[in-house]
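This is the structure, below, for whatever I ask next.
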Amino acid sequence: MSDETTARLLIKCSDCPGIVASVSNFFYNHGANITCLDQHSTDPEDGVFFMRLEFQTPNIDISRSVLEKTFAEAVAKRYNMDWKISYASSKKKMAILVSKYDHALLEILWLWSRKAIDADVTMVISNHDHLKTAVENFAIPYVTIPVNKENKLDAEQEILKLLDNKVDVIVLARYMQILTGQFVSHYPNKIINIHHSFLPAFVGANPYRQAAEKGVKIIGATAHYVTSKLDMGPIIEQDVIRVSHRNTMAELKELGRDIERNVLARAVKWHLEDRIIINDNKTIVFN
Amino acid sequence: MSDETTARLLIKCSDCPGIVASVSNFFYNHGANITCLDQHSTDPEDGVFFMRLEFQTPNIDISRSVLEKTFAEAVAKRYNMDWKISYASSKKKMAILVSKYDHALLEILWLWSRKAIDADVTMVISNHDHLKTAVENFAIPYVTIPVNKENKLDAEQEILKLLDNKVDVIVLARYMQILTGQFVSHYPNKIINIHHSFLPAFVGANPYRQAAEKGVKIIGATAHYVTSKLDMGPIIEQDVIRVSHRNTMAELKELGRDIERNVLARAVKWHLEDRIIINDNKTIVFN
Amino acid sequence: MSDETTARLLIKCSDCPGIVASVSNFFYNHGANITCLDQHSTDPEDGVFFMRLEFQTPNIDISRSVLEKTFAEAVAKRYNMDWKISYASSKKKMAILVSKYDHALLEILWLWSRKAIDADVTMVISNHDHLKTAVENFAIPYVTIPVNKENKLDAEQEILKLLDNKVDVIVLARYMQILTGQFVSHYPNKIINIHHSFLPAFVGANPYRQAAEKGVKIIGATAHYVTSKLDMGPIIEQDVIRVSHRNTMAELKELGRDIERNVLARAVKWHLEDRIIINDNKTIVFN
Amino acid sequence: MSDETTARLLIKCSDCPGIVASVSNFFYNHGANITCLDQHSTDPEDGVFFMRLEFQTPNIDISRSVLEKTFAEAVAKRYNMDWKISYASSKKKMAILVSKYDHALLEILWLWSRKAIDADVTMVISNHDHLKTAVENFAIPYVTIPVNKENKLDAEQEILKLLDNKVDVIVLARYMQILTGQFVSHYPNKIINIHHSFLPAFVGANPYRQAAEKGVKIIGATAHYVTSKLDMGPIIEQDVIRVSHRNTMAELKELGRDIERNVLARAVKWHLEDRIIINDNKTIVFN
């Protein structure tokens, strides 16, 4: 099951009997070895059906393009499927946006350096130059694009130009600027943000301060796809940690930092491994 | 450290040097053996100081009333303390309000029956009669006071009359009626509610439905003191459990049920053991 | 997906390409609607393959017995499968063995009374009569069979006679007697025990004492199938809770009690829902 | 409460009435402001008493040495105390031993670089040179001392010479050599190891393999002080993570890695902040 031979199919369609049989038959008949199969239905009657198939390609009897074309005609059309096949050997391209905090960024880069996060990290873009050395130590280009009230839209244009529609995922590793809906519309369901609270609690600025003022006994972090609504996109992953009246705001931030970096790393990993399907404003995560 | 001999002092005052020394001296000099001491300061300069002292009474050289009077004059006055001494041998009186769900109620009663919750449960009051047999099996009186739109205020008056200002804590074990501010004002910081969400997320009705619609990956429960603002009183305890897209709403309720009953039981236990001090809209819990 | 119509197939065989396609085809062709499919392979090359299929029966075109016979011939034989089909409508029969502690027993019975545990509880057998009333309140027969050094084997014979080979699962809800290998051999992979430690740590007697003496910072509980080797059978489920130097042995037991009952309840539920396949001395749990 | 002014007193003695009063009086009378007080007794009658006092020094009326001498005579002698005062401004010296795995080491160094771990890291010693660049990027000396069967004792002598009795704590951040009792005897209760299992389960080599073969549903990590008995020293901290039949051995290692680094970091932090007192083969951790 090496990266050289692994492919993944994601499917979304109306549920009805026969889908699993049709799909598994198709791949078996063409020589694919199914090594993992996950499926979910919101309701067997009238619901939405989701499927993730991991298969090995060495003995497939046709080329990638023919396989996809044949699948489209022989299976996908019949069930009116929304579908996509990805190949682990074609690494996804990833850009990271960051401000001054290093923890989420360094976790991603460290996992990347040990191949636990499997992507081509094409660049890190920041509105500050604080983390330039840290990033360049990983031999990754670091571009500083300052942002202020006046140049916000220009800065976004500059970022879009740099990205050049060539990245498969943009990771906001504590990027402290709110992206415009216009920017987001270029990368629908491709921008992953880490918010430092257990959403939907504490939307917006200073969630640790909000948590301290509310006196919660548990704090959390949430990784989600970015939509035009602030902190409201589909949630990919969340985690929490217990706190108490003893913890100062500085300690909340310190404790939260560990949760943030782990939650973001898991979400990015799952995105890269094609484990996430979006259903309205929610996610199906086959992990 | 039996219940016969254990006493507890709770203190709240402005922080300044010397409080711990004064308090511990006072009790030592009167023959009390300090078996547990917890303290917290929001800020050593200008902050609020909180303390919980557990001490054993057998060798105390003066009566309870003289001890309290002497402490008031010799220590509390100097630091302008808000303070209270409780004796484990004087069990707190507890009433439970419940509707139809049995899980939170039965957990409390089961813990009570094995003396893990140490109180006199004087009565269970419900707006339905569903749980009458279950409660009476524990030899606890069960009173049904139906509530509807028309009689809501009358029903509250009837409950107040039953309670007769003689209970130290009212536990809302999934009581599905919103108490009026007028009712709450009779028992400030003495009514504990279990809300079936991780507050402040999902205030109000149907939090599991809200959670399902939002697509959160973790659900929770919150025990809090009841104030006149719905679901906004000081949080005592919270806990969470991981869920996924696979969980139906019925399963969310089933999973949440375990969290609800455990969180409520811990909060009630801490209240009964005088482990909670309220500071504005937050709690200090010495556990 | 009511209990009336749900069936479950469990499969274990050598892994090779085509199994998923063959199985899903077979059931689709006979009118079964697959509502859940889980599979696992220890290794796509040369490994062992496991599968759980949940399907709905209303539109199946042949009788249960013909379906099973046809599946055996058309599919199972080809892959040399170890397999079994269960029907949710045929409730499993369950007996519970218990000594004096009530927490694990009451949890199971409470879940059973609200249909969250779906079985026919045929009897509770105990070596003491302490819990007779509690059990009979649930309208379940309670049989006392005292055990001592002299009559141990006779007592086991008496239990076997009572069970009469008619139960599908025996739950040891803190039954403080070690069953002989001879007894266990009558119910292979059908006896579920809850051990009050995080196995393999603290095998045998007094695990909470062992934990306290070792000074662990976390205690746990383990549900496992019983084999002839004490506390060494396949682990079904485990969970843990954080403790500290402050916790007395009595508190460890109290904290552990909550973990024990939850872990045992999950294991029993999964067994009843045919979610567990045993592989050597380990379990595959499709949950 | 800056590091400049914070001091910490640790006490261990036989329990008897009056200790808290004596200690708090002493410090109050000399102008120390107590900002944190934790205490624990194994038994108020005949037990062992432990105490941690955090106090601020700016207004203390005597020098450090006079304070300590006076405390020894006025308080410690009376209760036959084992005690120690540390000053946050005198940073502890720390050496780290590591082999090839980088995760535990980098976590410590990363926390150190952001001052969340407050020590002077004097050197990193390794039996391999793999991590030389990574460590030198932090401007910390890296010394390679290869170890094999023949030179083991010589290598230990070399390490001892390098350390020169000048370090307050030695952190084994996945150092894959077993230290001799002779080496350990030079640094009693000053060597912290991270073992990659939930001790006492899976002592010794390859705990992840042992866990996989046993089929546990949860894996863990344990930070402990090193004694002459392998993996048997006083446990400081433990944590766990849920796993399943789906996880390969490689994934267990990957999941365990996160637990290992967090558990070790917490243990090291607590040691540096004088939060740990050893009682026989167990720890009291005031955190």
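General remarks:
Going in written order, the chains are labelled A, B, C and D, and every chain counts its residues from 1.
By our rule, a contact is a pair of C-beta atoms (placed from the backbone, for glycine too) under 8 Å apart; a residue touches a chain by one contact, two chains touch by 3 or more.
Quick caveat, the model's predicted, so the values are computed rather than measured.
Homomeric contact subunit A/subunit B: same residue numbering on both sides for over half of the interface positions.
C-beta contact counts were set side by side for B-C and C-D; C-D has more. Ranked by how far their CA centres sit from the centre of subunit D, the chains are topped by C. Put simply, the C-alpha centre of subunit B and that of subunit C have 37 angstrom between them.
Annotation: 42 Å between the Cα-based centres of subunit C and subunit D. Residues of subunit B in contact with two or more other chains: none.
In the complex of the two chains, the subunit D residues touching subunit A come out as 106, 110, 114, 116, 137, 254, 258, 262. Per the touch definition, subunit D reaches subunit C in the complex via residues 40, 198-202, 214-218, 220, 234-240, 244-246, 279, 281-285. In the complex of the two chains, the subunit C residues touching subunit A come out as 1, 17-18, 20-21, 24-25, 27-29, 31, 33-37, 39, 41, 44, 56.
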